[in-house]
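In what comes next, subunit A is part of two complexes: it sits with subunit B in the first one and with subunit C in the second one.
Moving on to the complex of A and B:
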């Protein structure tokens, strides 16, 4: 069963949340970030080339212009491969664990998997980020030493940064699965 | 004698004889330093030398030191802002969830007809109450915001 809704992130950009409901114990959430806009790309390219042209008029060395072209191309490729995240996915499987996948604009994908034995809870936390206070979803990991302690906090959807309404939807589904998991693990 | 009076009066900012003397000494010394620095800055070297006072700092300092002070104040603004940014915990830090005080707090016994004691509630419980159980409450407040 698949479901798609649109939300907005903390800066006001559009996000699309796709929910896939595979079974009562397995769900997937896929957040698509806004694409690289033509306006920002032309703005950056123009500033870099204007700065290079200004340097060229000072130095009279034409290497600066070709260097600026190379820098723009390499910078764009590097940005698409290492920085720009297109889609972030959160897959929860009841008895197995939680998997987070980020797919970059160049096609690269990076995956993190946390097994269910380590997961204590999935919560919505508020924290100060730059000059704002934002809500973000995070996974709390258990401390092997202490039964009620928290050893680590893993934030999810870090580059999409959705707002509270989207986070509440994801939070509710995750809590249903975690409650289901606690019930089945406590019964024997 | 002094400690007795301190115990009676307490640590209050009221005037005391010692404080009067301290204040007057401070006032005199600050006025003297001001007049001395103005004299040093404005009166030409030759007049001061003819009086017999020869060992002064360079007059360059009269312009340099106020400039140093002003730049320090401006950098202080930037530094304070930077310190604030640096000491904000990152999003994946454990200090956004809990800290030593919350971990070591004692549980008080439940008393009948008494208001509940103030304590740190774990994040999971707070989340359950806000986002899981009270769905209708959230929907209503969202409607009012729109």
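Moving on to the complex of A and C:
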């Protein structure tokens, strides 16, 4: 089963949430941001180049112009490869664990996996972020030393930053699976 | 609040308890408010303002209102925390400048405060303490955003020195368009009205409260063969330590069975030690040094008579605590003290050694003849006077009143500032108010209100903490909430 709904992020941008239900114990959530738009690319390039031309008319050194071209190209490459995340995926399998994948615009992917034995809970928390107060989804990890403690908080969907309605959607599904996992592990 | 305007001096506050009993509160509730308490001073910092905010918030939550607290980050304690009964506290990462008060530019806190006010759907901003820059900032922003504002003043000020002249000017600007002001006693009200050039009509008096269960009498702890006088105060000039040093030798010579216990620390401690040395009173005058608040009760119950020698006082909590422990109180007649206790529980004297000695002798003779009421009886009377529930009830009436008022629109607010605060200051602050409004418009354009998520209520009419369901958001949040404390 697969469905797609559209939500918005904390700045008002559009986000698409794809849910894939493979089986009652395995679900995948995929948040995709819109791709880099031609308009913003053009705007940034034009600003850099205009600034370069401004400097060029002042000091009349053509190095500035070539430097500007290189800066734009390298900046664009770096941005696509290290900053811009197009898609974030959360895969949760009740007997195995939780896998988080983020795919960059350049195609690079980075994956983190947390095994189910370490997961204490999945919760929605609040935080002060820049000049805003936002909600975010996070995974609480068990502390191996003390059974009730929390050793680490791992935030999910860090770059997309969806709003609360989207988070609740994902949270409910995660809780269903966690409850399912607890029920099966309690009565083998 | 119940006695607005002038008059009504010395009336015990128990007389204004409303008809509602705690059990039937929810039924006669007409409306609830979303209150945001703002102050630089909150736990983990310790003090009177801090506990006032906490206790008041807890009682307002009990009465069905939604209450959140905004303060600045204390060391590692930053972000959002939940305290008992779902009281939500925002510890904002703002720079602390001096004495736990934040630095202010009047603008930089607007984005965060606006975000909080919008997401928590706050209707009333309640600021505390005139020393807190954040409280004044919040008032300023709230007025720009068109929210109702209430301010509580906790201290008395002078008029003469440079720092008070400046603070008073700032207070005038800050309070001239605030909807309502609360003071802790009539003396404090008079002081605030004069300092901030206010209309007395919008100033209410709601005294502080003590938790009567913390201050219970225990007559077996004291020795009835001797008479013990207890003094608990900071040993500073303002608290009249010089008077105390005059009283001790005079009474100790007259009554051989008289002992003193003195709790507190301060620069004037040296005088008391000198007196003790000169008259060889080491076995009869005990100096305990600084006391923690939880130890105060254990000191109080060891005595028969409580002596307060303050030279100025907005509302004396110490004498209420002492009376609640069942002690006969002897005090100076200064500031708000005559309003605090009814005449049969307190002996008032002029602030002089002679008058205070006469008052103490009167108390001693009454004690010896057995004319004083039993500590248990005094406690039972006093515990009805100043309760936090009563304070919350009266604060609620202020909120009801304020919620019905209109917030000044921008043009009237500018008029008020210019006409009220003098031509120079008025114009400067009117300009700042306009700039603040433009900044707010810019923020509204950047992130419209519709984009800010509305927070899940922990307290109030739709409070998530009062209900329990396993698979909703609440279950998860609960886990998180149990962590910080």
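Following the convention adopted for this analysis, the second predicted complex is superposed on the first by the 187 of 188 C-alpha atoms of A that agree within 3 Å, B and C clash if a C-alpha of one lies under 4 Å from a C-alpha of the other, contacts with A are read in each partner's own complex, and residues count from 1 in each chain.
What we mean here is this: a residue touches a chain if its C-beta (ideal position, glycine included) is under 8 Å from a C-beta of that chain, and two chains touch if they have at least 3 such contacts.
For clarity, every value in this text was computed on a predicted model and none was experimentally measured.
S.K.: One more residue to check, A:140. First (subunit B), second (subunit C), both or neither?
M.R.: both
S.K.: Between subunit B (first) and subunit C (second), which, if any, makes contact with A:127: first, second, both or neither?
M.R.: After superposing on A, A:127 lies in contact with both subunit B and subunit C.
S.K.: Report for A:150: first if it touches subunit B alone, second if subunit C alone, otherwise both or neither.
M.R.: A:150: touches subunit B and subunit C.
S.K.: For A:119, using the defined touch cut-off, is the partner it touches subunit B, subunit C, both, or neither? Pick first, second, both or neither.
M.R.: A:119 sits against neither subunit B nor subunit C.
S.K.: Examine A:163 and indicate which partner it touches, taking first as subunit B and second as subunit C; both and neither are also allowed.
M.R.: So A:163 only meets subunit C here.
S.K.: Please work out whether A:30 is in contact with subunit B alone, subunit C alone, both, or neither, and reply first, second, both or neither.
M.R.: Touch partners of A:30: none, neither subunit B nor subunit C.
S.K.: Just subunit B (first), just subunit C (second), both, or neither: which does A:172 touch?
M.R.: both
S.K.: Applying the touch criterion given at the start, work out whether A:90 contacts subunit B, subunit C, both or neither, answering first, second, both or neither.
M.R.: Neither: A:90 stays clear of subunit B and subunit C.
S.K.: Hey, what residues of subunit A end up touching subunit B and subunit C alike?
M.R.: 120-121, 123-125, 127-128, 140, 150, 168, 171-172, 175.
S.K.: How about subunit C: which of its residues touch subunit A in the complex?
M.R.: 78-80, 90, 92-93, 111-112, 115-116, 119, 447-448, 451-455, 470-473, 475-477, 479-480, 483
S.K.: Inside the complex, what are the residues of subunit A that reach subunit C?
M.R.: 8, 10-12, 120-128, 131-135, 140, 150, 163-164, 168, 171-172, 175-176, 179
S.K.: State the interface residues of subunit B toward subunit A in the complex, per the touch definition above.
M.R.: Subunit B reaches subunit A through residues 85, 88-89, 91-94, 96-98, 103, 123-124, 127-128, 131-132, 138, 142.
S.K.: Show me the residue ranges of subunit A that touch subunit B in the complex, using the header's touch definition.
M.R.: Within the complex, subunit A touches subunit B at residues 120-121, 123-125, 127-130, 136, 138, 140, 149-155, 158, 165, 168, 171-172, 175.
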